[in-house]
Structure formats: C-alpha cells, structure tokens
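Two complexes follow with subunit A in common, the first pairing it with subunit B and the second with subunit C.
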Partner chain A sequence: MPELMMQPDLSAVTASGGVRGAALARWQKSGWPGPRAEAWRYTSLARLSDVDLAPATSLAGGLTGPGALAAAGINAHVIRFENGVVDPAGMSGLPGTVSVATLDGDEPAMAQLADLAPAGHPVSDLSLAVMNGGIVMDVAGAVETPVMLMFEGDDAGASAHPAILVRLAPGASIQIAEWHQSAVGLAAPLIGYDIAAGARLEQVKVQAEGAATTHLAATGVALGEGASIAGFSLSTGGALARLETHVAMQGEGADCQLSAIYMGRGAQHQDITTYMDHAVANCTSNQIIRGVLDDSARGVYQGRVHVAPDAQKTDGQQMSRALLLSRKAEADAKPELEIYADDVVCAHGATVGELDATQLFYLTSRGIPFETARAMLIEAFLIDTIETIENELLAGLLRPVAEAWLAGKETL
Partner chain B sequence: MTALLEIRDLHASVGDKPILKGIDLTINTGEVHAIMGPNGSGKSTMSYVLAGRDGYEVTGGDILMNGESLLEMEPDERARAGMFLAFQYPVELPGVGGMSFLRAAVNALRIEAGEEEIDQLGFVKIVREKAKLLGISDDMLKRAVNVGFSGGEKKRYEILQMALLEPTMAVLDETDSGLDVDALRIVSEGVNLLRDPGRAMLVITHYQRLLNHIVPDYVHILADGRIRKSGGKELALEVEESGYAGVDDAA
Partner chain C sequence: MAATTQTIEQVEQATGKYKYGFVTDIESDKAPKGLNEDIVRFISAKKDEPEWMLEWRLKAFRRWQTMTAPDWAKLDIPPIDYQDIHYYSAPKQAQKLKSLDEVDPELLATYEKLGIPLNEQKMLANVAVDAVFDSVSVATTFREELSKAGVIFCPISEAIRDYPELVQRYMGSVIPIGDNYFAALNSAVFTDGSFVYIPKGVRCPMELSTYFRINEQNTGQFERTLIIADDESYVSYLEGCTAPQRDENQLHAAVVELVAKTDAEIKYSTVQNWYPGDENGKGGIYNFVTKRGVCRGDRSKISWTQVETGSAITWKYPSCVLRGKDSVGEFYSVALTNNMQQADTGTKMIHIGEGSRSTIISKGISAGKSQNCYRGLVHMQPTAENARNFTQCDSLLIGDKCGAHTVPYIVSRNPSAKIEHEATTSRISEDQLFYCLQRGIGEEDAVSLIVNGFCKEVMKELPMEFAVEAQKLIGISLEGSVG
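Moving on, here comes the complex of A and B:
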C-alpha cells in the first residue's frame, strides 16, 4: 500500500465484493494522500501516521450533549450516529414523506453514493468500505420538520465512518442539520445529497469536534434541473478538520449557495475545500467563506470552479476573507477557475487581513475593554455571512456555536 | 485645588517625527478651552495623545487627570476614567449595530463603577431622548455604527456618545470640519447642552466660526508643536482678522 499511514482494522470490515469491495480495493491501492498530492498540499495528514484507530462496531450510550439541546430547539427529528454507528432509534417515527433504510446491502444506493462522493478523496473510498450500516434517506415531498444528523461518540481510539445517502425526489424540500460533536480519533463522514429536478435542500453543518479529533468530511452533491441547495458550514472544532464538498450541477437552472465559516485557535488546522462543477448551462453558484484564526492556527480555503464547454451563462462567484488575530496564524487561499465556456460570469476574490487598528481604537476610546472590542469586530466580520442564511431556524443553530468560540469556551 | 487636566511639558512623536514639542496646559473643571492652529501644528496629534492612540508616542512630560498620570493607561481605561474624544473622522464599523455599540460603552462605564448593567428597554428610551435633541432618527440608531451616515450625522453621533457617557474631560477634535451652517448649529447646541460645572471641554479647531457657537473661556494658539499664545475668547477673533502668521509674530 503506498503512502501508508493509519489503517483501519480491516479484519473488522465485512466488505467482500460489490460496491464496498471495489471501494476497499481502491482504498488499498491509494491509501492516504502523501505530501506530494496537490489537493492536500496545504493540509497534511501525517498526524494520522502515529495513531492506531479501528472503526467502531457497536453503540454504547444515548442521545446527550449540546447537540441534543440544539435539536430540541428547532424541534428536529434526530438520527444519531455514535462513533459512526447508526442508532436505529432514529430510523423510525420520521417526519412527513421521509423514509430511511439501511444502506449496506443496497447495491444501487451504494453505487449512487460512490458516484456522488468526491472523486479521489480518501474518505470517499474508505468510509464506503468500512461503514457500519450507513443509511439511505429518501425525501418524497415537502417536509416541514427539520432532520438533524447527529454525530457523537467518545471513543478516542475509534474512527467513525458514517455513510449517508440523502435523495430528494423531484420537487421535494427539506431542512437538514449536520451536527458533528464527538471525541473520536478520526471522524470521516461520507455524505451524498442527490437533489432531483426542482427540489430544494436547506442544509447547515456544525463541526465542533473535540480538541484531539481529526475531522475529514467528504460530501457530494448532485443538482438536477432547477434544483437548489442553500448550504452553510461552521467549522470550529477538531485538531485538524477538512470539509470537502463537490457539487455537480447536472440540470440547467440549478442553484448552489454554499458558504462556510472556519474558526481556529491554538494549533488547530481548518480546511474548507470545494469543487463546483458547472456541467450544463444556466446554473449559478455562490460561495462566501470567512475564516478567523488566532494563535498559531492555520486556515485553508481551496475553491475550484469548473465550467464545461457547454455550460454557457454560468454564474460562479467565490469570495473568501480570512482574519488573522495573531502574527503566527496563517491563512492560505487557492481559488481555481477552469472555464471552458465563453459566455459566463465568474469571479473570485481572496483577502487575508488583520483587525483594523483604527476600529479597535475607536471602540476602546469609548471605554469598551480591548477583548470585548476585539470580539465585537470579529463578530461583525462574520455576521453578514451568517445573515445570508435565509432559513432563520438553521441560522439560529450556528450563532451560539460561533459565540461560544468567540467567548473562548471549549464546549457550548 | 487639583486641576482636572494638567499637561506638563508634553513632547510626542509620530514615528520618528517629533510633533508636540513642549505643551503646558492646565484645564479646570467647568472650563471650556479652545486650541486653534494652522494645519500641521499638532492639533490632532494632541487629541490622539490624550486619548492614548497607538503610534502616538509620548517622549517627554506628563498628562495628569485628577492628579493621576494617563500615560500608562490604555485608551479604554482613560475613557472609563472620564476622558472622551469626539473624532474628527468618526470610524465606520460595518456589522456592529449602533445600539449594541452604545450599550457596550455605557455598560463598560457602569461595570467600572460597580453598577448593574443597564437593561435594554430602559437604555433604548434614554438613547432615544438624547438622540431626539440632536436630530438623530430611529433609523440612524438602528444602522451599523457610522455606516452610511453623512458627515453631519457622524458628528452628531459623536455628540450623542458624549451625552451618554457623560465624560468629565471631553476633547472635540475639529468637530466643525465638514459641517454646513445648519449642521454646525445643531452640533454646537448639542455640545452647549453638555456644558456643566462638573465637566471640562477642549475644543480643537482650525476656524474661529465654531467658537461663535461654542464660546470658550480660554483660547490657545498652537503652532509647530507649542502653544504660542493664550488668551480669552477675543484671541480667536484676532486670528480671524490677522491669520495665524500675525498671531505667531506677535508671540
């Protein structure tokens, strides 16, 4: 196996053929990306080389923690994963036209997830191969009640591999919140959202993993004709976190709003990586990324936009801004536009800056203590991004997480 | 009696460039002093040095407020001790809501004084009352601090902050700059309402016209980092007639 670092205990994996077997074979061939892999240039997984993790196989506790409160606050139906293992309790009593089934054994569904998953991403193969159960969720119509996918677990020796396929039928709509707050060694969620023609997904993701956790998320999205996603991620946790999302706009008139905030302090490493594939004409994608980095934290934003030759009238926008609160903090931004059509509007911008000394002086000259003034300006820097979330319910989930980070709290 | 503000042989530099070259000035409670001077004389530097802005380095002398040196105090500590600077160019704070900004400032004072933080409803009422006197609309209060404000609105908003914070020592840096006649009148009336036996003001201006509205007890002429001449309010008229060159020659 090339570039061998952490390996799951494959004896615990039951993949013997089919989609999972193929995924396992791919994983065994490619393994973790090495230091020369271009897509991982800014984010090294070398820290996984010394740890010995095994996928968890059983459930222990029940629904606890701040995520439960957050779910209750929006009256969400919760589907819980513990150390990556699905809690069957969440698979019944589902709202409206939602149905959930086990993913393992459903070859067509697993093949669909493999197609949606970010190509070449290690988690795309690994989590498909070693998932324990996994679910496929079908949404047949408009659903009022939000669904929260909750990822918990306190087994520091476990790697968590939840594999989830969410399918929205034509015209369906749903709000989904992903809440990742565990203390597992490696959290490697593989999630696919297949959004059919005219369907709409409103999605938020909270990444507030424990201080020692590595969070590697592989998310794939497919949008049919006139389909839309309004997604927003807030990444504050983990020792190292990479949230990678690939979006395939496959039907004309699809709309993808996918924004993110990352916040890091100490030696945290936060990575947001996105790939927008404008395969057909008349689609729009818009991304606002904000990062706040303190101490010696590092932030990475890689945003690739691909516009196919036939994808005329594409509108693709990216704006990333990082705020460095310390001289030792570092932010890297790598926007890439690959445009093969001639009638498109695409733009990207990336800035890295510090808090404005004049603004800080103005606030402190009014008697406001320095730390408070600083927090006010950081909040102001983030606020317009959170305000782009049309869904108030989902936006409300994010604000306390951001505020807790600003207040320097470890937990919510 | 201890002076409210006592500036003793103050020297200050910006970068390596000496700007203030030995200022002596004593201000007692209840007094309004004006500092006039040509461009580049050190007027704005003096206001920033008093407020404690980074990059304005005191290289000699002292500034005492109520007998205590301000030099080791941070800007927020000075403000809570009663210093207030009305900015020549008020700073825009996109994303910072006006009301939460005003409330944070008032609460910082109250916490320092060991008082309870002010409740939101009561605070809104107080702000509205004071804003009304300055012709500040509810809409302006709801916006982010100074964002989208006209020049005159920004200056009125400075005076509103002063009215809420009730400083003992208020420094007004070129409060008249960028104001038309009507705005000048509104701002001056706002300032005059805040004249109080328990408060002193230092009005920094290039032009005499502001001093027709805010009539000072004392006028000082600043040139090349030193106070060249001091006198009563009639000194401002002298400047109006003969310009700074004439005053400087006479000094």
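Moving on, here comes the complex of A and C:
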C-alpha cells in the first residue's frame, strides 16, 4: 500500500542476491499489510503511508542515550544501536563465552534469522533486506553477566532496522535485556533467538519509544529439546507499537513462559501479538498478558496457540486481562486455540473491564486519596505479572518504567 | 461460456414473454441450471410475487454479483459452481407409502434409537397416516388456535402476498441484502420459509415447530425465515428435527431474521442433522447459514440454542444485536463433528444498549478426522454502559486425527462493560471412561454418556421433547468414533 514508504537505494541489495536479496524480493511483493489482512485487523499501518522514511545508514553519534540511565545501576554488558546501526564499541570486551560478529555477509546466519523470523510479518523481510550490518551473537556456555541491547536514535526522519541473531549453544544460559528508547520515525527491530537443547534464555524487553515513533518488532524464537525461555515485555512508548513474537517449540520438553504488559494513554496504540507453535509433544507454554488503557488509547492482544497433530501432552495456557481507565479507550483481544492433537491441556481466558468500584470505595472510605487508591489498584492489577519474573535483576529494570507510567510521566 | 449461454437461452424460452408483460402460469416446474437475472424473475413469477419483491430480489442479485465468497473461516470448501445449480424446483409430492414396512429398515432403526413416536415416524418417512393423526388436520387445529391468539404463522411466500406491509418493513432490516455473500444469494433466490408475527402482549400458546407447518416439505435449499415479536410477546420456535435428513441439493444457504420489540422474547432452537457425507467425506450438505436477531426494544431477549450434528460443512454464526436497554442475548451451542465433517460456527453479540447482557456457552466435540472451530465476536460499543458478557467455550477431542479450534474476537469500547471469556480443550479422560466401563457400561454408551454430560448446560436449554431426542442423537452421531 504506502508507496511513499521506504525508498532507499536498494540496488546493491538486489544485485547481491542471497538471503537479503530474497527478503527484499518478498517485501517488494507483499509490502505493508492492507486493511483486510486478518492478522492486522485491529492494527492499521495506514499512518505509515504519509511518512517518507529512509533507513538510517550511519551512526548519529554523540548521543547520550536516556536509556543509559537505567543501565547505570546494573552491571551489564551494553551493545548500543543508534538509529538501528550497531556501535562497534559494544562488540568487544564481552562477558564469558559470548562472542559477537557482523551479521551481514554471513549467509548461513542470515538464512537462520530468516527462518526464525515471524513468517508473513512485514518487518521480517524488510529489516533483513535493509539492515545496516546487524549482529550475530553466540553464547557457548553459562553466562553470569547480563547483556543489554540498547536501541536509541534521534532521527525522526529515519527508520531503524537492527537485525540480530542470538544463538544459545546446548546447555548455555544468559540474561538479555532489550531496551528500546528512541525517537526515530519507525523502529523495526528483527530479532531471532535460537535456543538449543537444554539452553535457557531469560529475556526482558522494554519498549519506551518516543511519542511519535512507530515501533514494529518481529521476534522469532526456536526452542530445542528441553530448552526454555522466560520472556517478559513491557510496552509503554510509541505512537503505535506492535510487539510480535513467534515461538517454535521444536524439541520435546521445551518450555516457554511469555508475559507482557502494555500501557497506553493519549492516542497510543499498543499491540501484543504472539504465536506459539507446539510442533512436538511434551512442551509447555504459558502467557500472561495485562493491559492498562487510558484516554483514547487502544490496546490489542492477539495470541494463537497451535498444537500440531502429534504434539501430545501439550500444555498451552493464555490469560489476558485489560483494564479500561477511560470512556474512550478500547481493548481488543483475539486469543486463539488451534488444536490438532487430543491429549492436550489448553485453555485461554480473557477479560476486559474497569477498576472495581467497590474496591475503590473501600480504599477511599479509609482515607486514601482517590488518585492514590486508583494507582494502588492498577499496580495490584499488574503486579502478579511482574512477579512471574524470577530474575530479580531483570524485574528491577521493568518496575521503574511501569511506575513512571503510573505516575503520569512521559519519559523516565 | 457455452453452458451459461445455453442456460440463458433456456430461461428465455421459459420466461421470454416476461419482457412483454407475461405474468401467468409457467408450465415448467424446474428452472434450468444457472443463475442470472432471468432466473430471479422466473422464481419471482413462479411465486406470483408483487413487483416490489422482484425488485428487492434483483437488487440482491446485482449486489451478489459484485461480492466474493468469504474465505476467513477455518474451512476447506471445494469450489462451488454457482452456475451448475437449479435455483428453483417446485415442491414434489413424493408418492405416499402404504405402511412403515415399505420404509428403509436402516432409517427406521435410526428413528427407533432416537425414540421418535410412531406417528411422527410415519410422517417423516412419508407414510400415509390415519385419520386420527392426519398431519393436515392437526395442523389445521393448531392454526385455529394460533389465529385465535392473533399469531400469524405461515409460509413466507404467503406472507408476502397477505401481509406485504409487515414483510416490507422487516425483511432485510436485520440482515441487509448485501450483508454477506450467502445472504445476498439467499435474498435473490430464496424459495420459501416461515413467517411468524406475534402481536403485542401475546404469549404464543404453543411451541412453533416446523414439524407441523403446512407446506413445509421441501422448502428447498434457500430458506428464509422472519420472526417478529411485538411488544411484551413471547414465542419459542423450533427448527429442524433430529431425524436424519437427506437432500439432493448440496448447497444450503438459509437466512433467519428475528426482531424482538420492547419486553418481547424469542427463543429459537435448532437441531440440525443434514446428511454429513460418508466416512470418506464424499457427499454431504454445505450448510452456509446467516442467522441474526435484533433486540430492538428495551428488556427484550433473544435466545439461540443449537445442536449441530449434520452437514459436511457448517458455516453458521447466529447473532444478537442488543440495541435495547437491558436487552439480553443468549447463545447455547453444541457442535459435533465426526468423520470428515468441518464446522466453523459460533456467534456475534453486538452490545449497543445500556445494561445489555449476553451469555455464550459453546460446546464443540470433534471425532474422527473432523475439524471443529468456534468463532465468536463480542463487541461492546461506546454506548453499552454497564453491559456484561460471559463466554465459555469448551472443546472435546475424541481421537488424535481431529482438530478443535477456538477463535474469539473481543472488542471493548466502554470501560464499564465487563467481558469474560474462557475456553478449554480436553479429551475424555481415561478415568471417566474406566469408571463407566467397570460398571458394565459399554464403551460407546460410556462415551455417549460422558459427551452428554459435557453438553448438559446446552441441552437443558432445549425444549423438552427436543432435548430427549438430541441426547440420543449425540450418541448416534458418535457411533464408530471409539474403539
């Protein structure tokens, strides 16, 4: 649809062919999803049509990212992306068994990322095609120090297309934090996590983009036998944000815990979309989603659990709850079960409502000011989700963002 | 296309004089295959319809031509050649059989299992009935009772002639001609159906059942039903029957419209057991139905109950538009698929009125190699102050070759509205089965027992005589799915 969108000189990519050339060809064929695309029925990308963006090709330089603030208190190794371009400084001095290389040019790695990327998602193809460098991170063993991927940028006229492949070797483990806080026009990160047998990834993502930014994330996860991921996303920023995650459980005994909180106010649009593919038997997936919407914000949760014909003993759970704080807010949900095996336990629940008037009355009648009581109840609504994060360090990253939002602050 | 040209020629031969003001009888009792404006005119002329009805049909037909068949359902529908279908054939009076001895014993065995009374068996199997239980006389008695109460219950073709102002006012008011592909098709070519009008303050003295409707036989594949419940009235309408129904027409696209005014209540119950095709998926009915009711008045109520066991492919979403203040919508459904059957069914609850409430209870059972999908929408509009919805969808899988899917759509645009949705998928537990078996209950009976328990919440919503048969139907439909 929006022909105005994305007009960089891509002749070099086309000419080079390979994985990037193929991705570009697919993108040029599909383009942005139109208004009738079922997967995008609640989230319209029409706003992108009148933005003339071009992928950033160089470092903005000299940025003192606000995100660094949050990182300060934590002893993490930081890899920075500015306007989608990696800062080479972060590629050395890595903790433990972590190694990082440039993704571009590594055809097998790019092919792997293309496989992991959410199929049919526009960013999967686009960001792979137009990325600038990108990184591939290998984790060989158990790593103590967390790695923070920090995405910043100040070029409102540019789009950022960081492409990242993270590979955990069998038995490896690591904590990774994604921090997205930029002011670019379009942030379109493409991230693939390939978690081999017995490996474990603890991951958090903070989406705190600028008020005018469109954030479209495509995240793909593959889990080998007995592998596990504990992922948590907090999405509060951006004018429009969609965090889409596809998880392929490819080995028996894999476990996927994926939770998210979205918070919207003003005219924000927050979208959490997930696809759990139980391809083999004996895997578990669990999703807890909470949404808080104020003013005329709109929140969307679309979650699909797919259980393949022989994926017996699958346990797939989804629970989404949305809280509407204003008369003009809107919450949409589409929790989907698609089941082709009989010996499974799958369930989903979804609720939408406002704060309980009797609870509010109870608190205010005991002398607690209305605004405080309201904040307490919202916090209570969110708290059990944040409590699912076992890693205290990662949980500590999220709390200030959620609290800042509750306190009504635009930025941290 | 040669076939189409030929069809057009045939129609022109049959109806050619129409252009010159031809209005009298047409000899042929079957329209040639194919669909075009002349076929629509032919049907309308056959039905001796007024000009406005023909115009309405033509408008629908033109609209249909611009539309495409929906493809979002989880259904694998073989391509349908809409030009290879007879859109009109006069109801044929099949030759009456002398006694039940002449009826296919397999059919009788099924009736027996369903527990259908002997006289009804005769009626269903087209056996001449004695004077005591003459369907026409029974129907006449009922008709007298209904007219005493002021209730209008007649074929829709009769209503178009006798109550044009009611039909013109309400037909298409709930499901507009361009609502969807199949509704547009139905609007263009519907052959008959029922019309019900319950006047103000009247509680319909009996359950209206298609069993006893005169002229009910063979209303054809494009049925159209319109039920209007005026202020403070009540009606319970029963559609279909548990007995297996075969039909030479593969494509069925019915439209049902319900209008409930202030304080009125409509209860609409369906048991659908059309031919599902054989175990290899050969044959079987395509059941593409549009059903919708509007709770127009305050405190009005529409309740849909369905037991769907038949058809090769089901595409059906009985819906409620809850416009009135404190209006109530209900949907209770059991959808059972076996062998190669496919069902994509559910409901839509559109909340507009303040304090409107809806309940959705859906039980899906998949066996064999079938695919069973619940698809439902709950939409709270900004005006739906303090509206409530509760949805529960449970799926039961029998065997490891079938699929059970749940696709709920939830849209909330009012903070005071509360929506709760829950869904589960499971199979018959070995403990349950073992418990039954060790008490001497056969495996098939045990499965039937457990499945009926699973469906109980829906079954209890059915009118009693329907419920008993429907329970047995569930058991019969599952035959051959275990062991």
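By our rule, the second predicted complex is superposed on the first by the 393 of 412 C-alpha atoms of A that agree within 3 Å, B and C clash if a C-alpha of one lies under 4 Å from a C-alpha of the other, contacts with A are read in each partner's own complex, and residues count from 1 in each chain.
In this section, a contact is a pair of C-beta atoms (placed from the backbone, for glycine too) under 8 Å apart; a residue touches a chain by one contact, two chains touch by 3 or more.
Predicted model, so just to flag it, every value in this text is computed and none were measured.
Undergrad: Of subunit B and subunit C, which one touches more residues of subunit A?
TA: C
Undergrad: Just subunit B (first), just subunit C (second), both, or neither: which does A:T388 touch?
TA: A:T388 contacts neither subunit B nor subunit C.
Undergrad: Is A:S49 contacted by the first partner subunit B, the second partner subunit C, both or neither?
TA: Neither partner.
Undergrad: Can A:S99 be said to touch subunit B (first), subunit C (second), both, or neither?
TA: neither
Undergrad: Could you look at A:T364 and tell me whether it touches subunit B, subunit C, both or neither (first, second, both, neither)?
TA: first
Undergrad: Considering only touches as defined above, state whether A:A322 meets subunit B (first), subunit C (second), both or neither.
TA: second
Undergrad: Check whether A:N75 is in contact with subunit B, with subunit C, with both or with neither, and answer first, second, both or neither.
TA: neither
Undergrad: Give every residue of subunit A touching subunit C within the complex, in rising order.
TA: Touching subunit C: residues 38, 309-310, 312, 322, 324-354 of subunit A.
Undergrad: Would you mind writing out the residues of subunit A in touch with subunit B in their complex?
TA: Subunit A residues touching subunit B: 357-359, 361-370, 372-373, 376-377, 379-381, 383-384.
Undergrad: Per the contact definition, I'd like the list of subunit C residues that touch subunit A in the complex.
TA: On the subunit C side, the touching residues are 72, 74, 380, 382, 395, 397-427.
Undergrad: Quick one: which bits of subunit B touch subunit A in the complex? Just the residue numbers, please.
TA: That would be residues 51-54, 74-76, 78-80, 84-85, 87, 90-91, 93-96, 100-101, 104-105, 108-109, 112, 144, 161, 165 of subunit B.
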